[in-house]
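This is the structure I want to talk about, given as structure tokens.
Labels run A, B, C and D following the written order; every chain starts at residue 1.
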Amino acid sequence: EDNDPTPAAAGGGAQVAQSAAAGAATCTIEQYGGSKVDLKTAKVGFSQSEKEANPFRIAETQSIEDEAAKQGIVNLTTTNANSQFNKQISDVEQMIDSGVQLLVIAPLNSDGWDSVFAKASAKHIPIITIDRKINATPCRDYLTFIGSDFAEQGKRAATEMAKALGNKGKVAILLGSPGNNVTTLRTSGFKDEIAKIAPDVQIVFEQTGNFAREDGQKVTEQLLQSNPDINGIYGENDEMALGAITALKGAGKKAGDVKVVSIDGTKGAVQAIVDGWASAVIESNPRFGPLAFETAGKFLSGEPVGQDIIIQDRQYDAGNATSDLSSAY
Amino acid sequence: MTTAVLSRPKIDKTWLSQYGVYLAVVLLVLYNIFFTPYFLTWSNLRIQLIQVAPIVIVALGMALVIGTEGIDLSVGSVMALAAALIPLYLGYGVIAAVLVSLLAGVAVGLINGVLVARVGLQPIVATLALFVGGRGLAVVISEGKLKDVRNADLLYLGSGDLLGLPVLVWVAAVLVLAVAFLVRRTVFGRRLLAIGGNRRATELAGLPVTRVLITVYVLCAVLASIAGLLSVARIQSSDASAVGLLIELSAITAVVVGGTPLTGGKVRVLGTVAGALLMQLVIATMIKHDLQPSTTEMVQAVIILIAVYVARERKTR
Amino acid sequence: MTVSEAPAIVVEDVRKAERTDHVVGAVQRQGALAVLVIVVLISLMAFPGFRSFDNAATILVAAAPPMLIALGMTFVIITGGIDLSVGSLYVLGGVLAAWASQYGILAAFALPLAVCGAIGVANGLLIAYTRMAPFIVTLAALLGARGLMRAISAEGSETYLVRDGALRRLGNGSLFDIGYQVWLVAALVALGMIVLARTRFGASVYAVGGSEDAAALMGVPVRRTKVWVYVLSGLLAGVAGAINAAKLGSGVTVLGTGMELDAIAAVVIGGTLLTGGAGTIAGTVAGVLLLGVIQNLINQVGNVNSNWQQVISGAFLALVVVAQTYLVRLRRVN
Amino acid sequence: MSLLHVTEVSKTFPGVRALDRVSFTLRPGEVHALVGENGAGKSTLIKVLTGVYQPDEGELTYQGSPARFGTPMDAQHAGISTIYQEVNLVPLMSVAQNLFLGREPRNALGLVDRKRMEREARELLAGYGVTTDVRRPLGTLALGAQQMVALARAVMIEAKVVIMDEPTSSLEPREVRTLFGVIRDLHARGIGIVYVSHRLDELYEICDAVTILRDGRVVHTGQLAELSRIRLVSLMLGREMTEGATAFSGAATGDGDAPPVLRVRGLNSRHKLHDVSFDVRPGEVVGLGGLLGAGRSETIKAIGGAYHLDSGDVEVDGKDLRKPTTVRAVKAGIAVQPEDRKAEGIIPTLSVRENIALAVLPRLSRLGLVSDARVDEVVTAYMTRLRIKAASPDQAVGDLSGGNQQKVLLARLLATGPKALLLDEPTRGIDVGAKAEVQSLIDELAAEGLGVVLVSSDAEELIEGSDRVVVLRDGVVVGTLTGAEVTTEDLMAAIAGERS
């Protein structure tokens, strides 16, 4: 009865980097320090931040592991901090002690990486951060960031929300977990764009759902009681939106009564579009494996790589949800 | 049905300390009726009851354990275990899945009970081990993944109605009555309180202390696993890493705010329900006024302190 | 009754079992240390990655904040109390330290000390003067302090950066290749040992936990002692937060849940009785290190599903505590 | 000239007026007996004198000027030192630490000077006849030795008043001698002593003055020598008494030919019991004699399944218990009254009713549901029979006086309808009235055909109450006194090892 999300490997949806602007900063091994190594034999460490309840996380880890296998990287160590930040820091530090030559980090928090940088820079270990960005200097503290343009995701969600509501209505935001740039930018991107394009859309409610389904459901249940006239819910990720949809069903709403827009592109959320419960889903592609190792490979063999590698994210709505369901994760 | 056996008449105790929790619930409800739009609607009440039901169920078990001068930190992990097992056995039908998750509760309860009653560990330490390990196991079993649940029978438990009330609330209500009855009227209930009052003496009086204690921990864990499977049914998915997270603290708070002393020897079942309702209403009130978690948490802290201060036991010696 | 007037002699005869008693007693008191030594020895042989000096230094640095929290917790638990607020105070302390670092390193310590100390005072006063259970008072403080932390950090979304160079150096600099904070913590632990073992305050701490009524009748300032242990615990949690912020370079807000239970586990593994009246700081030190080493080892084993970590930690905790209980019992039966 | 004086103090607890306008005067160099039934208010008065409780009304004068002690420490600083009824030291701390707690010698750095503390502790205790490793946890010492430590601690500070609340209840005769030596010494130094005890012999031996409390009121105060024992007891109880050391009838009971109701064979427990065997026949009271630490309590507990046995058999009515557990023992008809009432007997938070019915609930219930009517029946019966004084059956046992707690405990045992009743110090710390009641109750129960095992450190009680005395030393049965041998002299000789 359960749907085991079949992740990355299956089907399409490989990440594509946006073409970098001319003159965008790059980084080479000379600038960063360190020496060339063969990626295949290099010791690589991957640090995952959150528990893998979220399909995004499953797909992300899977993609890294699959790609490593595909490229014949034999020496990959993975750790999972189970959402404990201090554990993630010691996980990474320990990998540095054990002599990794490349670090791929999906950071839990955008700040707080001083000690890791101190250790890694002493040994010139390149760090690629994926999905969330670290507030530090690329090509010095870390090598590069690969991920989405989160403010843009927020904007696109706003556009879809405005469209779904006909530029008028009351909207609630389910915020992601605090302390990272993803939440911050998805919020500001959304609000700024709404203010610009649909001033008649009012944001009446903002509570955190910690990127988690249960929290999304609980908060929405309360929200529906205090603001029964709500027209739209913006979930900063799909899990919270799916929780919100369960709450909507529980409150006796019909599909489409309240417009739901969210970010990530999980199977469940895209299916919700098919079922009429969600209006649109902006993708946040978690399949970082190929792009991360391609970047690392280039860098370690001496080629320059971008300091900020922004990927292209697709989008699902009523028009393409059914046909593109297979590329959701 | 002569004198209430649970609480001897306390001439010394003010009315407030006995009924403080209920008063607080009433006050908060009144506040909301006047100041919170749409509060006094059936659908709102319904949501509050639905949300509080799992906490009430866990708190019932916790109250029994606290009555024996124990504590059970592992309830959240038991919920996670129950949640993790359900999708695995749903293929064999809802009954099988429910039974298996209840069995997980029995197993954890037995371990806790044996560690406390036979090995003689302090409850907080004994259950700390399963608090840590139990959730770990649940996450291992579920491979850390969230699994959607679509089984209609199971979902009925989480979102269905029976005679106009959510099934979930019926289950909680029946369990409240059952536990209240257990504590007040049965031999088991009195033995439980005796153990909380003086375990050594109860032992020497020839009572089967080990058996009673183990049973209490099993009951607590089974109640937690019921809460776990109901949560799965309600959230329509099983996420072992999230279900019941930190619920041990909510449950203990409900029990203590409800007037059951941590020193054992006394259990207030209805007080526990009121305690859970009070904390639920606080959270609901805050969210409804779009106040942020920071405010909610600070208000909760103050309410806990006031409630416990008012209901605090005088020292008997 | 015919009883001689001769002066009574109550001679406690040397128990036949006294010697085994001593051995068992020592093992029980230093059980965590013994287990720690064994685990470390085995790991040294089994895991090459464990052998490096860097790895040891990493374990020590990571253990520094939990060590301070467990140190305070040891005092509290010996009085028969418990402090659940330390995890929240730790995060709060970090955020405050990071914010205050713009005014220099002294401010970065003074502010968290003041705020966390004040919450400790509140805990202590409520526990000592109202007879409310420590569990519940500090549970309220756990919520309250977390709320406060969120309130000053825009619900956790604002992360203050550490602005002070000296504080950053304290966080990531080292002396003899061992982080400054390890030295700082070692000094505080040593101080804690002296206070507990060699001062009147320390004696009061044991007396209050051993028998509160007796202590009161013997003239021990029971309430004052209780207030002080919670203050101490709050202060140490604040310092722990500050040095962690120094290390991370910012006041991270997403930390600390469950930290109080880790600290309790470490203290109990270290042989301190939750019922109060007995325990040592040396044991706590071993307990904290043991938990740190276990986490490190699980990563060493390599790609075991990291989900197993908790299972193993839980099993280990049970094992150590059960073993300890049997040792104590063995001792009693003798 | 008064050293310590209270006028018209009152103290009310919920439901009880523990002290009702009590006046009391202690003069320097006087040993003043404070007597009264259980619950008369002795301990409460002492606690008022020493700052544990604040009186509701009344004045306190100390050394001629009004005084008010907010805490026990205030009283201690003023020179009033107390040994409370239950040994009140910290068992997990070392002997030396207990002696010096709060006034540890310190070195130049302000740190506790442990060496000096331990040396001084050793020297000090030697003066009280206690030689032991002062680094040992106090709790590992025998109760008597602990009491001596408490005494040494109390006298060690420059006390002007020393208050002793039943100091001898857990001392053996030799220790009582030592204590009296200390009291005489204090007396000679002009220190005022308040002495609470239920043992009349002791009072007449050591006290000058007496104040008698009844139901929280002073019913007599004056010189002890002017008061006959019989008068004293009558005043205490408020009714006339006849002479007699104990209330045992002395009529030998027990059918010598009947098969034993309790048969104990070869009890062994490492370091504590060695091959302990004896029989108890229906209607017989078998005393267990011996010094503190002889293993009497262990024997009783082992029979009741509450003490670890390496080997041994216990039979009740010919049925072997096979590895006794407390549950099995109670089922078989063994009822044990433990020595430590507070820690192992009563359940303080529960009511009198709950405490009495506790062990027989299954009998008073159907399908696991308790019948309140049947419980009330049993509870009322025993409360009447044992004359339990409580505000109501719903009063928490923890709020009763020691004697009444003891009776509640006995009621619980009797309610189980035991065949063998094992009593460990059944009259310790209870007043003469209650004591007499308990003693005649024991006779009565034996007459009804119960087998009774009696442990008492009161030699008279043991001798007069028992038909036979089994004497233990170091966990070994060293002799049995039967018939005409059941005398104090023979008992002492057996204990001392002069006969076998």
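To be clear about the criterion, a residue touches a chain if its C-beta (ideal position, glycine included) is under 8 Å from a C-beta of that chain, and two chains touch if they have at least 3 such contacts.
Bear in mind that the values here come from a model prediction, so they are computed numbers and not experimental data.
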item	value
Those chains which touch chain D and also touch chain A	B, C
Most remote chain, CA-based centroid, reference being chain C	D
Centre distance in Å when chain B and chain D are each reduced to the mean of their C-alpha atoms	43
CA centroid of chain A to CA centroid of chain C, Å	37
Euclidean distance of C-alpha centroids - chain B vs chain C, Å	29
Centroid spacing, where centroids are CA-atom means, of chain C and chain D in whole angstrom	41
For chain D, residues contacting two or more additional chains	none
Residues of chain C whose C-beta touches two or more other chains	155, 213, 257, 307, 309-310
Chain B residues counted as touching two or more neighbouring chains	139, 143-144, 263, 292-293, 317
Which pairs of chains touch, using the document's own definition	A-B, A-C, B-C, B-D, C-D
Residues of chain D that touch chain B when the two form their complex	14-15, 304, 306, 326-327, 329-331, 336, 338, 343-351, 353-354, 357-359, 361-362, 365, 368-370, 372-373, 376, 392, 394-396, 398-399, 412, 416
Of all residues in chain C, those that touch chain B in their complex	82, 126, 130-133, 135-137, 139-144, 146-151, 155, 213, 257, 261, 264-265, 268, 274-275, 305, 307-315, 317-318, 321-322, 325-326, 329
Residues of chain B touching chain C in the complex	71, 73, 115, 119-122, 124-126, 128-137, 139-140, 143-144, 246, 249, 252-253, 256, 261-263, 292-302, 304-305, 308-309, 312-313, 315, 317
Of chain A, residues touching chain C in the complex	76-80, 82-87, 89-91, 93-98, 108-115, 118, 135, 177-179, 183-184, 208
Chain C to chain D touching residues, read off their complex	1-12, 15-17, 194, 198-200, 202-204, 206-207, 209-211, 213-221, 277-278, 333-334
